[in-house]
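Per-chain residue numbering starts at 1, and chain names A, B, C, D and E are given in the order in which the chains are listed.
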Amino acid sequence: MTAGSLSCENIQVSFGGLKAVNGVSYDFKPGLLYGLIGPNGAGKTTLMNALSGHAVLSGGRVRLDGQDITNLSVHRRTRKGLGRSFQITKIFAGMSVLENLQIAAFAHRHRVQPFWLPASRFAAVREQAEQVLEEVELSALAHRPAEYLSHGDQRALEVGLSLLSEPSVLLLDEPLAGVGHDQLEKAIGLISRIVKGRTVLLIEHNMDVVMQVSDEIVVMVQGQLLASGSPDDIRGNAEVRAAYLGEEA
Amino acid sequence: MSTLIIGLSLSFLLFLLSAGLTLIFGMLGVINFAHGALYMLGAYVSYQIVQITGSFWLGLLFAPLIVAALGALIEIVALKRVYSRDHIFQLLLTFGLILVIDDATKLIWGFDYKQVPTPEMLTAPVALFGSQIPSYRLFVIAFGALVSLGLFLLLDRSKWGMIIRAASSDADMARTLGIDVNQVRTGVFALGSFLAALGGAITAPLVPIELGMGFSVIIDCFVVVIIGGLGNIRGAIFASLLLGMTRAVGFTYATEWVELLTFALLIGTLMFRPEGLFSYKGRSA
Amino acid sequence: MTRRTVGQTLMAVIIAAMIAIPFFLPGEQWVNLVSLILIWALFAIGFDLVFGVTGMLSFGHAALLGSGGYALTVLTLSYQVGFLPALLAAAVMGALLAFCMGLFALRVSGLFFALLTLALAQMVYILASNKLRALTGGVDGIPGVPRPDLFGINFYDNRNYYAFIVVVFLIGLAVMALLRASPFGRALRAVQANDTRASQLGHNVHALRQSAFVVSGAYAGISGGLLASLMFYISPQMLHWATSGDVMIMTVLGGKGTLLGPILGVAVFELLKEELSQVTQYWYGILGLIFILATIFLRNGIAGLFHGPDDQDQGGAS
Amino acid sequence: MKRRNFLKNAGTAALVTTLPAPLVRAATPDDFHIAAILSFSGAYGLIGNDMRKGAEQAVAERGGTVLGKPIRFSWEDDETKPQPAVQKASRLLGEGAQMIFGAVSSASTLALQSLSTQRKVPHLVTISADDAITKRDGAPYSFRTSNTLGMEINMSMEFVKSRGLKKIYAVTADYQATRSGFERFEELAKEAGVEIVGNDFAPLGNRDYSVIIDKMIRSDADGIAVMATGNDGITFVKQAGQVDLGKDKVIFGPVLQDDIFAAATGPAALGVNSGVRYHYSVDNPTNNAFVAAYREQHGEMPSSFAGEAYDGLRWWLDVVEQSDSWDVETWVEAFANSVHETSVEGRKEMRACDHQAAQVGLWGEVVKGEAPLPELTMKINEIFPADRLFDAC
Amino acid sequence: MTLLALESCDVFYDKAQALHKVSLGVEANEVVSLIGRNGAGKSTILKTLIGLNRAASGRRLWKGDDVTALRADQLGRLGIAYVPEDRRIFPNLSVEENLRIATLMGRQGGWNLARVYDLFPVLRERSAQPGDTLSGGEQQMLAISRGLLTNPEVLLLDEPTEGLAPLIVDQLVEAMRLINAEGMALLLVEQNLRVPMKLAHRQYVIDHGAIRWSGTTADLQVNRAEIEKLISV
């Protein structure tokens, strides 16, 4: 079986009385890029949290490559090949860009973190980190403190961090949010490069981008799936247009 | 039966001691390590007032007010500057305050023990349930009940309570409604200091007044506050009752285990509910 | 970059000078003072692994310090164990107690963690001063804690014991420097900077926190053993929460999250204490005032002075 | 860089360890330097100040000199904690202090004791009462000139017998010394045919005795023995007063009350009986002279802490003077076998076997005082001879 | 008369610039809407107007006076009310307390407790319940009522209809129309055109922290295709 299939069965997440995700079932097939769209508050990020283990399910199951991961902790899911980036940038402040990536690489390569040698002595890790650095085009900024990067570069680093666990499934939460026009091309290029060979679930509000890069679009409204299909199908879907533009369906 | 009465008096003393601590945490997110020092100060100031006026009641009234004013000053001069930083800095600052308050007390009142006599009208014991109950204990119960009731009315029913609750749950939103959150914070810290000093003043006739007294109560306060859930006044009263009753029963049957019983209760609670019996996100202030 | 290097070098030079002074100055005053500073510094750098690097405020480190002190005392006095094995046992004891405390305390985070460690340590304090008095000598403690008996050197001479402390300290410092620079140390910093992200990258955050606490416990245990031996005496006072407060004050004063900062913090604290207490009996209050001012105005402690205002410390506070 | 540092220091260390120990005590120093380690802050801060006054009186009285050299005190605050006590004493011994005076709390004193043994420096204790301080063949350089808890316990039982009490309810601070004190008391009670109808161990530093007091009220005891002192004792007596426990039961304890504690307790202290270490009302020429000089100097009556400090230091300095030597061993030898005929409490005799002064025991009751006495003061009712209080050594 | 305006404001979050030289204003008695995608900077503009964000440069004006330096509570007392996107109902206050707290400011005007209960009768039914037990739509009504009870001259509404059922949306739109009819200016933030087209007199289109288009609703109707591109699929 190809690695990278992710399936949701009737996922439910509630906060207090509010059902943020209400019965979502969907099979994400290996190797495809899914664009997850929907109006604000539709539950997109919550769904992603449910998949990555950051939200507690009140019902339903999550399977990765057929294996039930519903009750696994976040770091165990990561080790099974589920990677993720966050909507709000979650890089490690106080460390350089390269150090950030090394943190990720060490996590991937060592179950018990080595304490007997300085981090700088692990050439393989460094190489891997540098490789990703190149991939996300941040090589020139390797030694810059991460929090001093421009917003766009921080987002790129954020994506780079997710890559180091060599995930078969990658969840990207608004990797382009706040990226300026000038950097948009570069960012899109980055995303299209890294998704190769992976199953990707992408939350993104820039419709041009979503439509351009996605194989499939999944639309969520009020905690439920409204529609799914090819970008063209979705573009022509009246219901979806109503959800966005507020036109009567 | 007398155990019950004594347990109640222990409980209300504990509640009076810890109410201010949990109030300040609930509103400001600050763990006020200097709470014990303010309690001690309350006892000393009430001693001073008793010395001057000869009236315990004036001490009980004015000592908390004076300490509250000092609390307000501390908040404005020092604490205000570190709200925006990590909680740890606020904790550190109040830790430094202990040292300053302790030495200032030493400077003003010297080393020797001070004492506040039991007020004249409460010296005679009362025969109840076949035992002699000190009338001062009964007063403590009544006063404690009154203060907790007053606190609930203030927080749950009054305009000020509404403002305090609003500002503690969402400071920015409260600001847009015209509430000067900075002033509210100063007020809450002053109120917490008031309660600490009230605890000191009411305990004064029961114990010798000395420099170490703040040090010894703070751990009890923390235990109450942790069991009750940080920042939860209702939880604090429940935890005080639990602890007070446990101690009364413990003193009756196994005095030498009372101290450990307190911690057993704490650990038991935390095994069962790590964030206290009432988590501070709870409904009441 | 260069500024940081210059700052670190400067700090290292100051510390090296401090260590060297007792070797060259006559009289025992410096020997005693610096001995104490180095032992506390060892305690503080261990504490900072939890506090400054991993971002957990432990208010229970006194219990770890004391447990090490008692382990060494009881083993050497009651079981005639040699000093070095007993010192090792002190480390193990500190680590073990840290592990046990961690089982409870790591269930919560932030201020809850601080309060819970405080309560747990206070329980250990009460046990030691009361219920375990057969082992600990109760409130009065145990006098006559021995010093090392090695290579035929008389370590009861404070100068010789000082040399011993310096050796242990430097080993401890080197190990800590290595730990902090190792992938393990990096991972701890990542946990502090962003635990959600760290776990997302595949780090077992709970295990990392637990390990940091355990290592820190070992440092505290060794420091406790050395301290008991320096004083020839141990009592539950070592376990009192005020001791936890002291090490926290020193660490913040020196600069949390830095390797050398806490050492400077300890040195300044002890020096101030030494000097102020000669001048006024209200020195604790003055110290408190200095500490409050430092909290308000010296965000990154003394180490921050060396690194300049805009240079965040390595730990990436808050 | 770190590695180089390490090597350098290790090298220096190795070098130093091979040097001979440089400390040889000068034959005749410039002054007689006393390392006075007392509590000026913390729980016993009050005591330290009084001890200092008493000690200074003892020195002033002899013109500030011994063996023709000026006496110099270094007053250090141990914060009522053992670690600072040792730390500060170590520093002073490093500077060449000839003796240690202190500390206040038994914990600090025991800590100083091992330092004194280690450094072979005489150590004078005038307040700490823990029996462990003067054990048989114990610390060779430590001496105690004041009471032990053991003798005070014995005194308590003498009081029980003389008062004809038959049933005792006890409360004991949960602390090593007081626990053994209670055990001793229990044995003595058995011998004397006195029944112990109850005992509660209350935590040290307990702030609430109401439940225990309630149990006492309900009991048929005619005597209440309080094996606790300081805060614990004051708190107990204060709270007992709120139910008039003393109305039909006699409250007493080995070190329950003195003038200072009574002042802290308030009216509830009236009628409470206690062993007293020293009291200004003891009538003998030495004491009368001391009290007069002290009152002139400080405008108050000397406390038991001041009196004991004065008495012990005076005794020690006399012995040193008589030894006419700067040799520590000579002093220790002489002091171990000395008798203090003119003590403020009467006669004291140092026992060579355990370095404990055998002495009379004062027993008193809190009564109302008239000026110039404080409002509440101790009235010494009995003076027990030493042979009834001390077991053979 | 321009009630409330921003003049060339730059706003940063940490080091990321959220607003670029934004200038806009609300006239008395006017309904103005800010439209844009998620993350375009609309909420940031509102927060800057009400004083919860500090502008790195530029000015805030109230009836022509410079009020850049005033704090949020002072601005609130001038007559600016804010209904935030996530409603921010005080969870530990009852529904009625959530309303009464707004009246403490003491500004006089046409709105009182009885009138908001008439406007949203469901709130009267729920007046004793804790604020966070309301449904999303009820919370929105409560948030709007809370804003009204300060009797402001201008009410800032951040996506008041987001995530609500069409029926509730209609109810809210009617309410806003009524509020405006009584003379209160509204500044409305929306992601889509549904509500603005019904209510607003003038519109600003925001993208990437800057104003991309502004004009009357009639103008917008003319350029609708172009504007939809800026905000949607």
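As a convention for this text, a residue touches a chain if its C-beta (ideal position, glycine included) is under 8 Å from a C-beta of that chain, and two chains touch if they have at least 3 such contacts.
Note that the structure is predicted; figures quoted are calculated from it, not measured.
Common neighbours of chain D and chain E under the contact definition above: B. Counting steps between touching chains, the shortest path from chain A to chain B takes 2.
Of the two chain pairs examined here, A-E and A-C, the one linked by more C-beta pairs in contact is A-C.
Averaged C-alpha coordinates put the centre of chain B at 42 Å from the centre of chain E. If you average the CA atoms of chain B and of chain C, the two centres end up 32 Å from each other.
For this pair, chain A with chain D, the centres built from the Cα atoms lie 72 Å apart. Between the Cα centres of chain C and chain D there is a gap of 34 Å. Among all residues of chain C, those that touch two or more other chains are 126, 130, 281, 284, 317.
In chain D, the positions touching at least two other chains are 40-41, 174, 203. By the document's touch criterion, interfaces exist between A-C, A-E, B-C, B-D, B-E, C-D.
In the complex of the two chains, the chain B residues touching chain E come out as 159, 162-163, 165-166, 168-170, 172-181, 283-285. The residues of chain E lying in touch with chain B in their complex are 50-52, 71-73, 75-77, 80-82, 84, 88, 90-93, 97, 100-102, 104-105, 130, 146, 150. Across the complex, chain C meets chain B through its residues 57, 104, 107-108, 110-112, 114-116, 118-120, 122-123, 126-127, 130-131, 241-242, 245, 248-249, 252, 281-282, 284-289, 291-292, 295-296, 299, 317-318.
Every residue of chain D that touches chain B in the complex is listed here, in rising order: 40-43, 45-46, 49, 174, 200-203, 205, 207-208, 210-212, 214-215, 217-218, 231, 234-235, 238-239, 241-244, 260-261, 263-267. Residues 31, 33, 78, 81-82, 85-89, 91-93, 95-100, 102-104, 106-107, 215, 219, 222-223, 225-226, 230, 256, 259-260, 263, 266-267, 270-271, 274-275 of chain B are the ones that touch chain C when the two sit in their complex.
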